[in-house]
Amino acid sequence: MNEILGTIIAPDTMDLLIKYGINILIIFLKIAAVIAVALLHVAYATYWERKVIGHMQVRLGPIEVGPHGLLQPIADGVKLFFKEDIIPANADKPLFYLAPVIFFVSALTSLAVLPFFEGFVIANINIGLLFLFAMSSLGAYGIIVSGWSSNSKYAFLGGLRSASQVISYEIAMGLSLVGVMIMAGSLNLSDIVRAQHQYPTGMYAIPQFLGFFVFVVAAFAETNRLPFDLPEAESELVAGYFTEYSSFRFAMFFLGEYTGMLIMSSISAICFLGGWTIPRFITDAIPFLLNVPGIVWFLVKVYAFMFFYYWVRATLPRYRYDQLMAIGWKILIPLALLNIVITGVVKILVKG
Amino acid sequence: MEPLAIADKIKEKFPDEVLGIKEFRGQVAVTMKKGRMLEIAGYLHDEPELYFDYLIDVCGVDYLGKKDSRFEVVYHLYSIKHRHAIRIKAEVPENDSSIDSVMPVWVGANWHERECYDMYGVVFKGHPDFRRILMPEDWEGHPLRKDYPVKGPAKEWPGFLDVLDRAKRFKEFEWHG
Amino acid sequence: MNNYLLIPFLPLAAFLINILLGRNFLKEKAHWVSILAVAGSWVVAVMTLVDTMAGKTINQDLYSWIVSGNFKVSVGFLIDQLTVVMLIVVTTCSTLIHIYSVGYMHGDKGYYRFFAYLSLFTFCMLMLVMANNFLQLYFGWEGVGLCSYFLIGYYFDKKSASDAGKKAFIVNRFGDFGFGIGIFMIFLTFGTIYYEPVFAQAGGFANNTVNFLGYDVHLMTLIALLLFCGSVGKSAQMPLHVWLPDAMEGPTPVSALIHAATMVTAGVFLVARCSPIFSLSETALMVVALTGAITSLFAATIGLVQNDIKRIIAYSTISQLGYMFLACGVGAYSAGVFHLYTHAFFKALLFLCAGSVMHAMAGELNLQKMGGLKKYMPVTYLTMLLASLSIAGVPGFAGFFSKDEILWLAYSGPSPVGKLVWAIGTVVAFLTAFYSFRLIFLTFHGKFRGTHEQEHHLHESPKVMTIPLILLCVGAIASGWVGIPHLLGGGAHFTEFMKPVLGHPEGHGTHSEEWMVMAVSVIAGFSGIGLAALFYLVRTDIPVKLAAGLSGVHKLLFNKYYVDEFYSFLIVRPAIWTAKNILIGITDAKIIEAIVNGVPKAIGGFSQVIRKVQTGFLQHYATIMATGILIIIALMLLR
Amino acid sequence: MLAKLFFGYYAAVIILLSLLVVTRKNPVRSVMWMLLLFFHIASLYLFLNAEFIAAIQVIVYAGAILVLFLFVVLLLNLREELKVKRFIGSWPAGLFVSAAILAIVINVIRSFVLVAPPGRYSIEYIKEATHTKALGTILYTEYLFPFEIASLVLLIAIIGAIVLAKRKTRSH
Amino acid sequence: MEDIEKTFETRELTISMGPQHPATHGVLRLVLNLDGETVVKCTPYVGYLHRGIEKLGENRTYFAALPLSDRLDYISSMNNNVGYVNAVEKLFGIEAPERAKFIRTMVAEMGRISSHIIWLGTHVLDIGATTPFLYAFREREVIMDLFEMLCGARLTVSYPRVGGVRNDISQEFLDRLYEFVLDFPSKMDDYETLVTENRIWKSRTVGIGVISAEEAVNWGLTGAVLRGSGVDYDVRKYAPYDAYDKMEFDIPIGRKGDCYDRYLVKMGEMRQANRILKQCIEKLPAGPVMADAPKFTLPPKDMVLKDMEHLIHQFILITKGPTVPEGELYMGTEVPKGELGFYFVSDGTGKPYRMRVRAPSFIHASVLPRLCEGGLIADVIANIGTIDIVLGECDR
Amino acid sequence: MVPLNWYLMLSATVFMIGVFGFLTRKNIIIMFMSVELMLNGVNISLVAFSHYLQDLRGQILVFFIITVAAAEAAIGLAIIIALFRNKSTAHVDEMNEMKG
């Protein structure tokens, strides 16, 4: 038996396999850790949103489950798990099942290239930013397919709206990040953070204020948040593309959306706000801050951005669909292009 | 203008149409024949001294057994320019229960007339979208007629039977824990 | 700097601009483009003239057009003395007539189209005269023919106009057929169609003969006559003259430019250009001379009795063209070209004056309905009078010098028919003077014979029309002064100038003979004027009586010798009969249709089967394509 | 060995998915299979050290072109599609032709040997310069002109698509 | 070309908005024919809440029909009550005492504020702003509490009565109301900062659902919708009832007749209502709250329990109803939604021979197609929001 | 090391599957997708060649092919929409204007 095995797998191959195996195991552990932590953050992002908005709206938010309602996300999760899963009779079932998975997975996959602090990234690939674009463009599939397979007009309209919104704003978002790419000279997210740290201001948000503005607006639209939550504008289209979803499939959309927010916040933290670093001039002034681990800064930035999401949600009404498209195509994209031109020219001038 | 003066003016203009003028608590009602209702409406709307640009209300009244002509269609008019009002009542007999729609003059009569038809069965000729409004499309009878049973018709409305039937069929999906 | 390139291409550019943008953008401003372009051409032409006077000639290829074996055609330019004269004539007349047209065509709905065609014509004419090979010449030749067709039929909604256009086109085909064969013969003989080698080698072939239709024909005679065929057609000589009077259906500026000053003289130009070939053939020259003489007499007699103002001038043109051929035929090419040059001015002027009169008469053409216009249109009257004096050969005017030169060289030249054609020429000079002044007197003197409204409407033409008239008038008077013969103390500069190209025929006569010839022609001219004055100013009853008395002759002349009818009887009707009965009736119906219907029927039957392949499905085609690829790959790889 | 194993997996899945794409009745399903197919092809590119192309494959092909297909499929509402036959009547001919060509081509490829000398972009070189940079250098120097033309082609395509798909404004 | 046109027609998407749609404010159903996002045709369907209130009224005495008016516009039942009792009083020919009139004016304006405030919250919520909705409910809660304090009911109050009001108000009520009145303008400022000048809000409402003044009158619109178009018509001003002739207040008027103008008018009305409230409190006269007209008003309850005549009187009035002069009468009052009119035909018995309710929401719902067609689907929401309909009133 | 021939065979197979789809499917959208399959087949071989020849130009070509594919998809789908508006069908066998 061993002989046969030996003929199939040579001993050196065996070693190789073990080496690979260990590597793979480490990667899996990393993935598990990131996903678990990210999902926990997502869950508490919902709690935090409810608390923040509740206080903004002169009410308390969740208070019943656990102290200060702290266990509310878990209760919600449990509830969603055990709810009855209703599938419309005329739905295209395989696609109906598949859609939330695509949506959720494409959101989660983006986590793979995000560097949370120095050296901690699942896949430190050179085209990290491109990978993010690729994954975010895949989210559109989940939306379209869910809208279509539900076999409901509201869902269909919402799906189409949402997909065209996501696709349109993806262009603006991609272009807004080109300025960062030019400044950093790399597509690798860790390199971008390091390059940013070398930069005098320490954050690209200051020289790239135009790009940052475009990015923030586009990020709101990408994640279908107010004032761009047209696809799920409940007053018009009920709940948009996931009108017909319930139970855990709904939860997947929900989680996907909040993961999207988390990722957008992370990208903005990494590409514009200096990632896990803090500007040099601050550490020069207060050297003590250097002792704070990078992950803390990262989380602070991410949560500040998340807070901004909630704040906007509590404040602004919603745009109309044509206005939304007009803003995307007529304002943001030209602005982003302008930003690219300016950045390029300045870079050439500074270099040459 | 004073309501009575308005009534006189109308009578002057349409002496053959006006059947009677009645005042009660300062409000004046002019009873008309229904034949030239659209023309009268146009006159009331366009005559600069009257200028009844605002049609407050159109409704029917069923005088079953009280008057010769069973139905009356009542128009409440108001002039925002002159701030005066009048009530026009057109007699509609049961055997010929149709009258011209005043929609060409006041678009706002649209749903009032539909409701009047729904409740009394008075047909408004020239209405562009004439169908029931409050009652279901397949309802039989006109509920506000005096001879309509207060407890509802003897025969149940099929739509309701359908709902009952559906409720019964959905029973089996109930979860009897 | 090849600035002479601008000469033809400015008008071409104007044409393109007008035809592309005219309808929608230029509209009423279309003339600016054309006028500026042609005027630019004129300026460059004058510059070229100055160069050429200094002895500089150009013969240059610009662009290879056709290269096929040893047959090579290029777009190339030959600019020598002859060309320069033609350039000056063409661009001057063209410029003035363009300007004139602004007034004449004002308000026409095809305004831009008219100017586009006019510019195209100018381009083609310039290509014709500037060619350095026969094919380019032929291109220009056909080009001007095409433009002539366009412009004659300019009012295409008028049947007579479009018919006239067709007639001109068809009649010209007869001549061009010969011309084309002539060019083939040249290529066969010389192996090239460039002027330079052809003319250089021509002498070597002087005695060759060729078998043509079973006869041994003198080669040069054959070529010359074939080329002359083209000339006859284009220059409206007997017997192909019939199209020119009809061509008067076109707008008057067109008549002036194309059918008087430039295009019709292309035939003369061709003969002059090919003088080395013609000179080698006695017979050909004789034919040319006689054709010219007979045509001029023939046309002049018709002109005596016509009533249509434009047709009179048209016959006069034919007659004068005959004169030019007469000159060429007796070997006096330079005299012919000289007459061409002077004629261009006064004939264009005559036409433009006629146009001006028409303008005033609201399109009326009949002489009998005019009269007494002198006081209404002084400028037109004066210019037309001067032009008529010039054409009548009154001493001092341009026409006198050129005509005298022709007559003298005919009289004294070596040509065997010289004396005969001189005699005819003298008679024609008399007739010319007579009908020209008949025209003047009937139009401008006496009482107005038209309707009252017409009289009311009479007015002088606008400045934009009269100024070209005045300018041309200067030409009509003065253009001859460059060729005042030695006899009158002049330098005969024109002949000297043309000498390098056209040679210098010497008259073999004494001074007294020369004086005699001159005197005879002058007397002929003055007597013609006098007779006209007698007939149409003093004794206006004579013409009527004469017409009645000689009714046979008058009728013959009035009906233009029945040439049209004769052609109609001889060619047109048989052709139509043949077409109707034989071609349609038998060939078409019985033979061709049988084939035409039978073959398709057979094919149709067959394709009923085949058409199933044509399914209309993209994929079936794609499958078949893929099958083809499969077969190819299989053949290539699995061989 | 491992590489071959992986290649075997990818090749098998790619072929299977291609077949699924061309044989599914429901166009939406076809699009979804195609999506998966593009991912596998992108992974294959990663094996060939073409990470930028792989990213482009996902972003452009999967993220843009295929979404466009999906959009059109949905806009046309092809539910009745499921009721009709998916192949044209003469499909055996198509099958035969393509299979025959494939057989011949594969037969030829079997004996194909690469003889050209390797170029200067070795894996080490690319690793050092980073793939994107190496690609960009060539693209913006040697292929600048085609690159600009490609952008023009895209622009024209966009305009053309808008013109074609634009709804005529109602006259009444 | 014709074919292409036809294909377009068939490719319109028909969606049914409602009757269970969150933005239709009740059981309104709109069938929308969409061409892309543009509304080509809008057909409202009403009647899902039809309870036959007119028929019911004909079979009840004038007193017993009062609670029916609570169920018309359940958001502002107080105003409906006031309208009803005013019409009946006019028919009877009696007049309420001065204090009762002031109290009625007061509670009517409270009802107006509470109705407008709920309109504001829901309308803004429809457009997507969540926070003002909750703010609005905070204020409404105060008024609801006050109503509860007044008569025990929060929603269907039936507080005004024919000939006066049910009971006199307490000093505590007045104090708390005064507190509210003083506080309210600052709350209004809060809403306005969040909404009025907001760019997104303006881009959603300015120029949307425009209806001109002539057209608005011709359609028979009333209330804020009419005044938003620039027509100066308010029953309180031009046919005053209760104590409105003693009040100083302005009528806010719009100019363009779009959603934004209607919004501004309603906001202005709330401030005016607050002003009226203040005046009511300040000018409130002393005296009885029930008219002294025994034939038409119920006797005091304590007397009924003590005295036989009163008991018989009460019995007759309750069972048979009052004896009403024969005649017919229309009376309109300004409720938050517009002009609410009651038309009675009396045949001399204690029950109305015909009771007609002229409901503003009914008319306003009928104008929806006019406002929505040609706009976008999102504008439908804005339009429904601003015309402010309540289906209970619309369907009756 | 995987031999180049394997990649080429894979590429040819994908390409021919695309051809098969193009030749046989009724639905014009699927036909378009088959064309995309063919392009992808070519791309595989280009990238493979690029790898084995150590020359990046193959990838540049892929880049251009993707560009052209995007343009083609845009135009093609627009045509499909226009066609669908006129004929209400996406089946090639119902578009037989060319039928002889």
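Letters A, B, C, D, E and F name the chains as they come in the text, with residue numbers starting at 1 for each one.
One rule holds in what follows: contacts are C-beta pairs under 8 Å (C-beta built on N, C-alpha and C of every residue); 3 or more make two chains touch, one makes a residue touch a chain.
It should be emphasised that the depicted structure is a prediction, and the values quoted were computed from it without experimental measurement.
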{"item": "Chain hops separating chain F from chain A, counting only touching neighbours", "value": "2"}
{"item": "Pair exhibiting more inter-chain C-beta contacts, B-E or C-F", "value": "B-E"}
{"item": "Taking each chain's C-alpha mean as its centre, the one farthest from chain F", "value": "B"}
{"item": "Chain of greatest Cα-centre distance to chain A", "value": "C"}
{"item": "Whole-Å gap between the CA centroids of chain D and chain F", "value": "7"}
{"item": "Centroid distance [mean C-alpha coordinates] between chain E and chain C, Å", "value": "96"}
{"item": "Geometric centre distance via CA averages, chain D-chain A, whole Å", "value": "27"}
{"item": "Gap in Å, rounded to a whole number, between the CA centres of chain E and chain A", "value": "47"}
{"item": "Contacts with 2+ other chains: residues of chain D", "value": "52, 56, 64, 71, 75, 88, 90, 93-94, 97-98, 101, 105"}
{"item": "Junction residues of chain A, two or more chains touched", "value": "none"}
{"item": "Chain C: positions in contact with at least two other chains", "value": "617, 619, 623, 626"}
{"item": "Of chain D, residues touching chain F in the complex", "value": "3-4, 7, 11, 14-15, 18-19, 21-23, 27, 30-31, 34, 37-38, 41, 44-45, 47-50, 52-53, 56-57, 60-61, 64-65, 68-69, 71-73, 75-76, 78, 81, 84-91, 93-95, 97-99, 101-102, 105-106, 109-110, 112, 114, 116, 118-123, 126, 134-135, 138-139, 142-143, 146, 150, 153-154, 156-158, 160-165"}
{"item": "Parts of chain A lying in touch with chain D, wherever the complex brings them together", "value": "10, 13, 16, 20, 92, 94-95, 98, 125-127, 130-131, 133-134, 137-138, 140-141, 144-145, 147-149, 156, 159-160, 163-164, 167, 170, 186-187"}
{"item": "Partner chain D, residues of chain F touching it in the complex", "value": "1-2, 4-10, 12-14, 16-21, 23-27, 29-30, 32-34, 36-37, 40, 43-44, 47-48, 50-57, 59-60, 62-64, 66-75, 77-82, 84, 90-93"}
{"item": "Residues of chain C defined as touching chain D within the complex", "value": "617, 619-620, 623, 626-627, 629-630, 633-634, 637-638"}
{"item": "Residues of chain D that touch chain A when the two form their complex", "value": "1-2, 26, 28-29, 32, 35, 51-52, 55-56, 58-59, 62-64, 67, 70-71, 74-75, 130-132"}
